[in-house]
Amino acid sequence: MALAKYIGRKVAWTLVVFIVALLLNFLLPRLIPGNPVDAIVGQMARGGGSGGEQLEQIHQHYMQEFGLDKPLWQQFFIYIGNIFQGNLGTSFANYPASVGSLISQALPWSIAIQLPAILIGWIVGNLLGAVAAYKGGWLDRGAFIGSLFLSSVPPFALAIILLFVVGVQLGILPIGGAYSFGLTPEFSLAFFGDAITYFWLPFWSLVLVFIGGQAVGMRSMAIYELGSDYVNYNRGLGVKEGHTVRYIFRNAMLPQFTGLALSIAAIITGGLVTELVFSYPGLGTLLFNAIGQNDYPVISAITLLITIAVLIANLAADILTGFIDPRIRAVQSGER
Amino acid sequence: MSLRGLSPRFWVSVALVGFVLFVGLIGPLIVSTSPDATVGGLYDKPRCCGPLLLGADNEGQSVMANLVYGTRTSLIIGLVAGLIGTAIGLVVGLVAGYRGGWVDDVLSALVNVGLAIPTLVIVILVSVSLPQRNLYTLAFVIGFTAWFWVARAVRAQSSSIRTREHIDVAKLSGAGFWSILRRDVLPYLLSYVVMACILQISGAILFESTLSMLGLGASNTTSLGTMLYWAIQWGSIRTGAWWAFVPPTLMLTLIVFSLLLLQSSLNEVFNPRLRRGRAARKKAKDEGEELEEVSVEGEDAGPVGSGGMLETPVSAGHGEAR
Amino acid sequence: MGTLVNAENIRGVYYTGAKDVVAVNDVSIKIEEGEVLGLAGESGSGKTTLGSIISLIARPPLHVEHGTLEIDGQVQELGGHAKIPRTWRGAVVSMLPQGAMNSVSPTKRIRHLIYDVMRSHDSKISKGEALDRARERITALGLPTRVLDAYPHQLSGGMKQRTVTIISTLLNPRLLVADEPTSALDVTSQKILIEMLLEMLKERIMSGVIFVTHDLPVLRTAANRIAVMYQGKIVELGPTEIVVERPEHPYTQALMSSVLAPEPAYANTRIEGMSSFDRSLFDAPAVIHK
């Protein structure tokens, strides 16, 4: 019962934050002075090819399309309505491509590197940290310094170094893109085999940093737990070490879960720039191009997507913690 | 806190930070070339020993000069944004934690929303809307969006300090709200604030470089991030012009690494419970009576994540406060 | 009433980075069957260290340089690199830790710990059997069986301490070393805990108790004999009434006169304090009452 209440509160809270995020996503870009449509039509006029009347029509069309002729609050409701219908608008820069289509092309690539990086990084990182803490000695010292370094290196820095060393100097792995020139994406083994070579460098850039971070965190928590009273008591009662170890890691993991959501936020945002370094056609490159072209619908949609991903990650981590740590749901539902 | 208790890690990190400061602050005085002066052609190779020590970048400008001035820019942004962020977080946290009641509820709700929305998202949205981007606007934007985790951690601690006896004494002797905060609550938080500030600075520097690489950097000055932006744009990596991207990358990594190392070694000094072994903890328990149980590992200080976009710039990872 | 435990020549030293601290300075002590021996002294006297050495949980940076423990005719070497059999802990000598608050992992229910303790000593025991035995013990000592399913934070301080007391004695150890068991409790809970310990002693659940505490008034009701420690040595040892009312060692005398007890007898007496290390007290010969 306490658990259900706890989950309920967390879901409600997530929704509240989501609404605030929607508001921000909507309002902030619209605070720019000037009318974006003017800018675009101005560009088109300079490019030549359309006469005065046609430009007028195009201008009107855009205004209607983007709803910029209506008052702000109406625009907001149109915006929300569209979102829930899955319509993220039309791209300014790549008119008439819809934002949705652009994103759906880029998204799978981003997920392909980030999801495995997060999962593998988390598991390996925590294991490494736990073992290092438990064994102590040289393994611990080496693992700690190494992880510390890896975790403080910005992912794009690691990306650049890897790209240079492995891609350019050693020439082992390709240096840009997601697949060889001339191929088209499809679900075939041949394509997969090719795409995977492009996958390694971006993947390793992300996963190494994540491992470093998790290892350092887990190691600290495990060290802390190793010195705690219940470990001592267990020992004093002759409990076999194997049993106690399970208690230790369970407790040490808790903060890692809480931290997981934030780590995910960090990986996602770090991954964006990593994609840039490798010209990997994921959301990062899309965002980069959109920024360069002042393509607000795309920018806005990507930021919203990132926010949603992070919120979901947060929620999942909170729920997991609620399952594992009985104190959390007790505190929340006022049991104490 | 004796000097003897400072680990080698501390001194190494101080040395590294010192080096970085030297490059950024004294460097521009030594390097006589201006970062905007054309000293060579597109990606000229490095040559000893003048302005082309580290070669030329895509505009034929001296990489060495840009590196040095860029470091300074990144440091300034980091410092300004870091201080702003720490200050806001400190004040909000103090007031919320100490005051309690509806003030706390409102501020905490605000902080939690701020924490839940990825900072990068907000900063991108704001930066994109700015008419012009210079050094200081960037620093302000970063500072104003990165303070949430500090506020949460400070709030937790100040609300626990609120229940201590010396606060009652202060109240009974008629001290005002702000005076109590300043003189009776703040001193206990000082060690935490110092460490939080270091994290804020390193986070801000990383933030700025990420923004610059996305194309949202300062438009009139060089920073390490903008150097990398141009390096990527002009394909220096592909063409093997390592002098264009390796120096800024190394410098950035060095800055962030040394700050995090400093923070982690200070953490062990301020919080003896983290030291390994039972006697250390026993010793800590004895010392602990005077030492404040302050740690950067409020669950609020966040986990260790990638060094890149830190929602809560991370210490070399720690979890909950106990 | 024979000797239950004979601890001889125990020397415990903390190897810290800076200076070695001799916490237990060649101490020998006997515990008789069926008795509660109070181990009293101020913080830093070595009583907790002695307690942890006897309950076999000493570990670095605490080093036992030499010492032996004899129980039921079996002699266990404690010093140097002696290997202490895991199964002795909890079953022969058991510890009751200070601050039961954190002695149970916060994320597991009490019954998990109980099962782990029992199966560490009897690998064939089933979960059902283990819990049944625990349930018997719990009800026999007056606690509700719901504690089995509880998480530590769901129990009050006094309840937790009593639950932990039961867990510590599940395996019917010969000797129980209780480290400040009453220090974190209110007076009523203290009384209940002490009664429970005495009851368990009567039922021969354990055969002897070492009660380590700095709280002298508590020992008056709980202990049969009291050993007073000062700077790593036992300075006075004897039956409770004598040590408390007619102490002979100057340190004990100073200690007793600095105790504040809210009783009418003290209404008009002056309480003297003591300095932390007094050479004359340290050099005075130890007093052993028969």
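Labels for the chains are A, B and C, by order of writing; each one numbers its residues from 1.
Going forward, a residue touches a chain if its C-beta (ideal position, glycine included) is under 8 Å from a C-beta of that chain, and two chains touch if they have at least 3 such contacts.
Values in this document were obtained by computation on a predicted structure and should not be read as measured data.
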Chain pair with the greatest number of C-beta contact pairs: A-B
Closest chain to global C-alpha mean, per-chain Cα centroids: B
Longest centre-to-centre distance from chain C, chain (CA-based): A
Between chain B and chain A, distance of the C-alpha-averaged centres to the nearest whole Å: 21
Between chain A and chain C, centroid-to-centroid distance (C-alpha), Å: 54
Averaged-CA centre spacing for the pair chain C and chain B, given as whole angstrom: 49
For chain B, residues contacting two or more additional chains: 277-278
Junction residues of chain A, two or more chains touched: 232, 254
Residues of chain B defined as touching chain A within the complex: 112-113, 116-118, 120-122, 124-126, 128-129, 131, 202, 206, 209-210, 213-216, 228, 232, 237-238, 240, 242, 245-246, 249, 252-253, 256-257, 260-261, 264, 273-274, 276-278, 281, 297, 299, 302-312, 314, 316-320, 322
Parts of chain C lying in touch with chain A, wherever the complex brings them together: 55-57, 86-91, 94-95, 97, 99, 101-108, 113, 116-117, 120-121, 151, 153-154, 164, 167-168, 171
Chain B contact footprint on chain A (complex, rising order): 13-14, 16-17, 20-21, 24-25, 28-29, 31-33, 136, 148-149, 151-157, 160-161, 163-164, 167-169, 175-176, 206, 209-210, 212-214, 216-221, 223-224, 227, 232, 252, 254-256, 258-260, 262-270, 272-273, 276-277, 287-288, 291-292, 294, 296, 299-300, 303, 306-307, 310-311, 314
Partner chain C, residues of chain A touching it in the complex: 228-230, 232-240, 243-244, 247, 250-251, 254, 324-327, 330, 335-336
